[in-house]
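Okay, handing you the structure first.
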Amino acid sequence: MKIAIIGGTGYGAVELIRFLTNHPYVELTTIVSHSQSGTELSSVYPHLTDVIEMTMEALDVDKLSQSIDLVFFATPSNVSKEYIPAFVENGVKCIDLSGDFRLKSAEDYEQWYQSTLAEQKYVDQAVYGLSELYAEQIKEASIIANPGCYPTATLLGLMPAVKHRLINNHSILIDAKTGTSGAGRGLSLNVHFSEMNENLKAYKIGQHKHIPEIEQVLQTESGENLQVTFTTHLVPMTRGIMSTIYADLNESTQTEEVIHLYKEFYKNDPFVRVREAGVIPSTREVYGSNFCDIGIYADQRTGKLTIISVIDNLVKGASGQAIQNMNLLNGWDETTGINHLPIYP
Amino acid sequence: MKIAIIGGTGYGAVELIRFLTNHPYVELTTIVSHSQSGTELSSVYPHLTDVIEMTMEALDVDKLSQSIDLVFFATPSNVSKEYIPAFVENGVKCIDLSGDFRLKSAEDYEQWYQSTLAEQKYVDQAVYGLSELYAEQIKEASIIANPGCYPTATLLGLMPAVKHRLINNHSILIDAKTGTSGAGRGLSLNVHFSEMNENLKAYKIGQHKHIPEIEQVLQTESGENLQVTFTTHLVPMTRGIMSTIYADLNESTQTEEVIHLYKEFYKNDPFVRVREAGVIPSTREVYGSNFCDIGIYADQRTGKLTIISVIDNLVKGASGQAIQNMNLLNGWDETTGINHLPIYP
Amino acid sequence: MKIAIIGGTGYGAVELIRFLTNHPYVELTTIVSHSQSGTELSSVYPHLTDVIEMTMEALDVDKLSQSIDLVFFATPSNVSKEYIPAFVENGVKCIDLSGDFRLKSAEDYEQWYQSTLAEQKYVDQAVYGLSELYAEQIKEASIIANPGCYPTATLLGLMPAVKHRLINNHSILIDAKTGTSGAGRGLSLNVHFSEMNENLKAYKIGQHKHIPEIEQVLQTESGENLQVTFTTHLVPMTRGIMSTIYADLNESTQTEEVIHLYKEFYKNDPFVRVREAGVIPSTREVYGSNFCDIGIYADQRTGKLTIISVIDNLVKGASGQAIQNMNLLNGWDETTGINHLPIYP
Amino acid sequence: MKIAIIGGTGYGAVELIRFLTNHPYVELTTIVSHSQSGTELSSVYPHLTDVIEMTMEALDVDKLSQSIDLVFFATPSNVSKEYIPAFVENGVKCIDLSGDFRLKSAEDYEQWYQSTLAEQKYVDQAVYGLSELYAEQIKEASIIANPGCYPTATLLGLMPAVKHRLINNHSILIDAKTGTSGAGRGLSLNVHFSEMNENLKAYKIGQHKHIPEIEQVLQTESGENLQVTFTTHLVPMTRGIMSTIYADLNESTQTEEVIHLYKEFYKNDPFVRVREAGVIPSTREVYGSNFCDIGIYADQRTGKLTIISVIDNLVKGASGQAIQNMNLLNGWDETTGINHLPIYP
């Protein structure tokens, strides 16, 4: 099976390449970069020297459609929506790591992305690629809207509690923290080493694009018109996301009971690991891997449920989940090519 | 004025020394270390070489009381309560950086510190040393219970909102993050460089000793029997605390209005800086200094007030505030010796 | 093929496990830990939860010899020399990540390791496992003395220059830098996060155990009785070694000429990548992988050759090379199970 | 005494401001920024909020000359040489943190700075501001060429050995390492957090501008036409420089003897601290302070002298030394305003 990546100079692309290179069923044949077509990939990413010797190309949808079966978009916002319709019409499956096809509502998209939603027909076709929740739909999809990094950690952390009606869905508060790679390779003072090192920053409080994405899924799954409080922080590390999630328990529940429900919920999901009572996962424990690790604490004193959900933002939060979705789409074992252990330490 | 420090090998002590060395009105004459008496301080902390050439001594309360006027305790829990009564009886003022004299309730102390509270008579004398809130009492105190690092950031962040009845006090949730120096110099796998670097960890969820300290002050100041949700995280940096504080606004309020109230509240407090709307302080902006910087966001969509409060945990969160309290106690300008700008970058 | 690891609680062991888990030809059946026998591995290394569920065992050489074909020693100094002879007599191949069998001279071993060398008969059998240099001997070995991390980076960086007689071998100076994981998981103030973060330290100047190891190989390969100047530094990062190597060029040579010779020298070695003129590899470019990347600069002004050689100390500097040697020993492709791309960023 | 800073948006300027704010004899009245005149300094550096409330101005040499006594240039290369002559003619003392007036030879300047040297008359007036070596000339200077960060650490480390003729001056090799703040606030992929974190890079091997600066001083002080090998590395930390310096001892000398000579050499210099045998300073031990700490190891096995010299690149390597020079120039105690202890940890 032949694969192309659009957006070859970003971190999403190199992380796709890391996994695809060792994937047994696919061949990466084309890497497209708008800004750097004609450039050798290894001159931009020297860690690929002698192993991935490919020249980045300009995008020609029709030509590319003839030679490939599936395309990953690892592009900034508002790029994939221009090209995915043509690929789909040409019979090429699309997995989109950007946010263009995640929101179903044109109004929400305009409010949070300050841009116009893609043609509704294609938005309707797009399946939200949270693998553990929507595996059945993903298998039939032509467009997969790969989830954002924060929504992945947050929704996997919340879903069993929401489905089991353990919590008051109107009390959900998410204090999220990320490493800097989520901000990409674009230069900014915010992630200038001298200023980000030995520093901790909150940003985009109440204004992050991932808010409507989280709410859309929670509303659909709960049937309630809820809103979440969501704050994001930049931590001086390259990889890793932690969502610390809080909600009021509907009734007094022990930590162990909650853990039991969570383990049952994810018993067939190899990439979600629910920890025992008293054990809280740290981001390093999923570093470089596709795991989402979850820790639970039900506070008997305050009636608050605290859920800690950690992922590697570039793997389960982006490229790893994209490949998991590709596997599902093709009927392969979902762990194919991404069953790496975390790198520790 | 002659000063002694008890607990000479910890970070609290070296940070006291950094400020006291340049303080115009005091002389540091004695450093006590139980575990390392007889050792030169500079052999334990080589950065003091040639500047602070003192030998650590064993503690003899009566002898020491004759030569000094004030003592700082920078000791672990359950040490100062053994010695402070005798110092007080000898007429020596005590500033305690540990938690021994912070809680007023013997029951709370036993529950959270797993130990017996100090003699109630001395606990009653002790003034909680949150300088901006209790300056008047501090000026008259013989024992100052210097606040914990998390309570300092959290209470300074909350107090104007509580006093102005802006928020529902029963909805307070604090997601706190600290650098590793708060864990001290004692070795543990948790702060082993190879495991803490490029890592983010939640710890002691709902179980941190600073919970009753925060609640005690909030209950006193609000008159309400409230409880807080409080979670702590270790961030891969040495210094800095950020408290991200959430509460429900009692009525719809604009960010600018809240900021205005905060600025008024702290207008005579040189170490508290409230930022303008849209500006959120990061921990680096107070690094090495005694400032507490506060950012505000009132979310019109959710009705939630978010307060970001940052300090250097070893300065305003410990030794800097201790010296601020010493200044207040002696009627000196409260910024004496601690009016350093943050080190940036 | 059945495999055991002795020394299950160290970083060498977990890195072996990371690679062995996905290796197609081997099965890891036993993990031995002297200090933690009876403990589940995942309780010590939670990142292995649900994937590697094994209990560590005590060592019984005879019993173990009946069920396994090959054993990796990932033990501290002076352990493997006690057990390897018995394994060898039982027909079990041994790959030793410690330094016990690297030095051939009993005198050198005593001087640098402050202990007695293993029985000479077994030392003589041991092959020094620098894969690129000694592949033929490795294929026939019963004991493989896996090289130290610094010697691996340094010798791969030097060997083409020494073999081609480009440099004065008596002028070799190595300024080496490592991340902290080389110091292992044992706690020490030296690698306490608060003190190692934002810090750079030189250590063991002229006294590091890896000096005689480097000199032994250089002496053998050059036929000269040379000594090297070797200094080591701790850098605030977890993984990575850089050897900055200096030597006087025997005659004026252009950078490009040296690079040409290096590329030729390593043309059949998939894990050594020699960069083009003007390009110097950084440690991140080999992170998590078995590559050794080399950059060259021949200074026409001073006649000095500078060689930059980088590896991941836990992979090519330890566990990755150990598996490469296992592959060679068994006649498998040397990249089997370790052909991962570096993790970037 | 009234002071201006030219180049207000760089790290050199903010570090000057940190020290000048608490300096008892000077008043900072003007901050000039070419690119950001009219902007409030605290909007660019929020850590100065409420404390330094100044607006940056455009440069008008004549007008500024009437109101100030001394100007610091904290500008990029090739700026100060345009303005310093006019200030000098107006009777204003100039301390230049850039490299414009360090090299005396027009040829060297053109080769290493790719630009034309300042007017020779002013270059001749300029005194090289290595405070410990040239205090007498500094006291009489109108232009002080403040040394580069690497040359400061390196020359202080070498000077006693050169002056006492302990070493072969033709064998000097310097392996230098710096934190990222030396690269300034300008954005580049090289110091993008995600790529610099957990990374170590060599750069500008044999081509750094500080080479001719080091050689010029060594040639002058030794009377020999020597050249040095000099390599620079970027370390994942914000502050700190370590120069690891190697040279051949002229005759067998014990470490203790060398240390004795060094201590004698610097006995009247409060900012240079020579460590005892067996103790090597790390960069953290001078963090935020104006100290230069030196460790010595004389290797009896190889005859090589190794000198470790550490400074904070922004303090003794830039702004701290600039103020030290201002103090010398004005006949004040050289430690005035910069006698801070290092921040530890």
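By written order: A, B, C and D. Residues from 1 in each chain.
Note that in this section a contact is a pair of C-beta atoms (placed from the backbone, for glycine too) under 8 Å apart; a residue touches a chain by one contact, two chains touch by 3 or more.
This structure is a prediction, so every number in the text was calculated from the model and none was measured.
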| item | value |
| --- | --- |
| Subunit C reached from subunit A - shortest hop count over touching chains | 1 |
| If a chain touches subunit B and subunit C alike, it appears here | A, D |
| Relative to subunit A, chain with the most remote C-alpha centre | D |
| Separation of subunit C from subunit D, taking each centre as the mean of its C-alpha atoms, in whole Å | 39 |
| Geometric centre distance via CA averages, subunit D-subunit B, whole Å | 36 |
| Euclidean distance of C-alpha centroids - subunit A vs subunit D, Å | 46 |
| Subunit D: positions in contact with at least two other chains | 11, 179, 181, 194-195, 197-198, 236-239, 284, 287, 345 |
| Interfacial residue positions of subunit A with respect to subunit D in the complex | 11, 179-181, 183, 185, 187-189, 191-198, 236-238 |
| Subunit D contact footprint on subunit B (complex, rising order) | 11, 14, 17-18, 21-22, 45-52, 181, 197-198, 238-239, 273, 275, 279, 281, 284-288, 293, 339-345 |
| Contact footprint of subunit B on subunit A as seen in their complex | 173, 175, 177, 179, 194-195, 197-203, 205-206, 227-229, 231, 233, 235-240, 242, 244, 246, 280, 282-284, 287, 295, 297, 299, 301-302, 304, 306, 308, 310, 345 |
